[in-house]
């Protein structure tokens, strides 16, 4: 049994990026922890809406078989005002508890700077200063974040690994449906149709009906 | 009315890469020329099969509204044995006739070296040594070619332009269906399902039901 | 008639980066808005000097035919202390008003971090969450900013579009001359000679007497 | 038990690039096949020397526990004169026999063009047109080849996976010693000291005494 | 005699990155200045430990023949909370005093954001707005920083220059030994064995027993 | 006194790329060798025209102070049909004679494949297998070649070194004028105006009236 940690800058990133993989790993016996790094905070966010999203996250995680959901209280959309060291400290403390073998991160080149800062915090924690660093670290792609920045001036998401989610694409779609407030109508990227189309094209690339794509950041074998 | 040239290393690349765009441009009054650079040649290819593909191309082009189909006799899958200068000469002579304002090319980083050589030949022809060079040059992505090489060691396809093909995705699928011999079952990348999924995800990226993605190589405005 | 928005981190970036293009678009009937993101603020900047630069900007914009000049009050050279979300909010509010079809941005890889932050704010606003996102977004190059960072460790400016400014290079030079305080003697990059040389070499690349170069960030066609 | 294939453009590349990994996999029960793509041919190479190298390869492979050594007769240092399609055919036919789950390739950006052509041939074979494509493909680094070209103009080797070879670094050094004719004195890159230093620094990067570094090309999980 | 400045984000970076080069330049008569940009500050750092590190730096610099050691009081690990403009001002004021001909910088893509900010501050100072800008600027690699981020999503260190430190590798190791508190046991990257292995492999790449590798940022010849 | 070798794929590349640098080095006492790799060959080239170009090269080289001009007989525009090994052999034999300390090469990413092949041949020769490899290797940019390919899909020319040619820009222009047959009218890139504009903008980047830009490939210091 393996410990798996998924870093989500905001609720729902974990489902968009690796919902199918989470469900597959959980079904195979891994203990998957989701660490949501930020929370919307007044006055920029409405407290009721934030509470609702947290409840939605809990429902989505149940649907995927997440072992434990962790929520940090760092300010959503304002992670750059906190300072990288403080984010490192809070993310690192939680990762020390979880002690994951496998780590899933948002992509460094996503348009939202919270993604870049959360990615960096996890990488700082994962520096190989002892033999207990994670055996593998992967970056996931997030609809509405990864396709909307400006490569090649900003980093380009180049997938090198494809996880077959043919058996869990339904769970992924159901988990995303839990986030009613985030659900948009096609052709918005945050629609079931777009999620399915991405899974199909990532799948077809490797002759599978559905897949999630990842960029391997570092594996120690 | 504009003259448009599409360079296809092999029959069907033009449909996979820009079938929807061809149909849209043709419907809007452009004259679209498809230049198929190679032909399968015995003993490596069966003559009957080659003739069949050529007939399929003609049918596909009719479906899209292609103005004229041009076929060069360079050897398929063996373009590197001919020498770049000879390919340049033959592709260039045809482009001199067509004198396109807009040029669509296969992507330089595709896994098939015929794509790289055909791209280069067209770029050599398009060198801006006079004021009649094309106003814009675009690279298209080809299912089963663009996703199957090895970025970042090989060039990564980074789309910067998205053409709305919501009105012509049906024509694109119908044109590809003309290539019966190339049609595979999903989850092969050369299946209708994969073509549709790619169109949907490229579309959703820009809030359109279906799109084809291109990398702008050079525009003169 | 099209609405065009140019994002200038500081006064004069808009002239260095796309003065000739602004003049050409304005002459052709587009309504060009220049949004200057920062203002020098005491004690780091002298108030009289700041007022002078604002007046110079007005004169330069008149010379180019700018439809409207907008000035935000964010602190020059200290945009990173404000937080990305606040910059996003202020830049976004103005762009909501202008509702541009075409958007010109400073380059993400410029040495000045205000350029990176302003670029990002505009890109966040332009996320394609509806069908009214700009049809095209371009990054311009700025003498004294774009050539002075550290590619390939920092992003390299790779031009893909060239706008013929043969008819407006004079207007560009005249507009830059309005910024008397920013004008340096050759061989400084901010001299008329350097501006002209860059226009000539960008022009010669596409067989035009003078051009401005841009990197296409995203077009929706 | 897994089938593993290592593509070596020339004899000894397989040891330099993944000798320690081969030994570890073999010890763990995998069947490792080494496919040497080229052979020195008169008049460019002396027949006796070529025979000697082939014998050395056999000895080295025994030392590492290679299951089977395959030698193609393509001309060393002249692979570009054969044509990519012919190389594809010969490499592909052998890979069809071996049917590997895991594939190790030379790096596409190595200075020797035989490496680029051999890499491409294996990638063409591995196109995911069915569900039997290899589960993972890795590029290895080769002393005297990978460090001697010209990044960033040529592709840069960016390792993403590190295989702990602490238990097999001795076997790797012993296998390389079998290639007496290729062994140079330090500070030549093809010396035992350089091989050991590279293993140590790749190891220290992940807190292991010795490692081999790889770039993941594609994994299907 | 040349003036040389080395920017160290934290004490010991200068030794890991260019200790051998410092010793060689000093021995040849250059005046080498080390500018340490940050200092650990309570409550995040223990004052006694900070004082100890400062004393260790002095000892290490003596061992290398550093002409003068400069310490700024910017907060370690929290440089992003200060604002880039303030860092620019303090680093720039010192560089104005030193007026170096040659400038050594940490690498922009290191995992620690203090490295990125310090690099940028020095580059802002070095903008070529007069004829006294440094003749050359180089980025060095730092064990435990440069190998631990995430290329290609983050910038990749691509060395283009190799300084032979065969005669000063001993001095480098001795200087690093002065930093007792930073010294770790192999296989940690901050161990004498790892430092030596890196010097050997960088050396072997250019047929030298030991070398330090640099990426040339800009030379004016 | 240093030995300098300049590799020119075709006559005039050496002047466009580093004519000013050649003149400056020659004036300072270096012995500059120009190695022209290809010659136009019937039936693709007219013999009289080829002879004329060779005479023009001799005149241009005299004007720059070239120590010795070497002409190989490899076929212009058809270097890919010869095979890399044969080009390596011929270029390498000449470089063995010259034994340069400094090596100037065309850029690997130029649109003309002869440039790529000539670059590679020189790099193969320069592999550091002994202590006599050149101390530095530089890639130059060539008007009409370097700007006309397709970055980022093809390699981007990123200059890291700037040679002040304020005193020799006249000699460069005079040398290029010797190539009457290659001289075009502005705005062609091969015109005196374009050459001058490029020198001015490369100069202004480093506060010099005129410069040639280079990418450092490898220095051993």
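Letters A, B, C, D, E and F name the chains as they come in the text, with residue numbers starting at 1 for each one.
The rule is simple: a contact is a pair of C-beta atoms (placed from the backbone, for glycine too) under 8 Å apart; a residue touches a chain by one contact, two chains touch by 3 or more.
Note that the structure is a prediction, hence the values are computed from the model and not measured.
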| item | value |
| --- | --- |
| Copies subunit A and subunit F - rotation angle from C-alpha fit, nearest 5 degrees | 180 |
| Chain pair repeating A-B, as identified from D-F, C-F or A-C when over half of the contact pairs by residue number coincide | C-F |
| Identity of the chain that, by mean CA position, is farthest from subunit F | A |
| For subunit A paired with subunit E, centre-to-centre distance based on mean C-alpha positions, whole Å | 35 |
| Whole-Å gap between the CA centroids of subunit C and subunit D | 50 |
| Shared-contact residues (touching 2 or more other chains) in subunit E | 80, 128-129, 148, 152, 156, 158, 188-189, 205, 207-208, 217-218 |
| Category of the chain touch graph - line, ring, star, complete, other | other |
| Pairwise chain contacts under the document criterion | A-B, A-C, A-D, A-E, B-C, B-D, B-F, C-E, C-F, D-E, D-F, E-F |
| Residue numbers on subunit E that touch subunit C, as the complex places them | 80, 83-85, 107-109, 119-120, 123-124, 127-129, 139, 155-156, 158, 215, 217-218 |
| Complex interface listing, subunit A residues touching subunit D | 128-131, 133, 160-164, 205-208, 216-221 |
| Interfacial residue positions of subunit C with respect to subunit E in the complex | 44, 77-78, 80-81, 111-113, 144, 148-150, 152-154, 184, 188-189 |
| Interfacial residue positions of subunit D with respect to subunit E in the complex | 143, 147-148, 151-152, 156, 158, 186-189, 191, 193-194, 196-198, 200-201, 203-205, 207-209 |
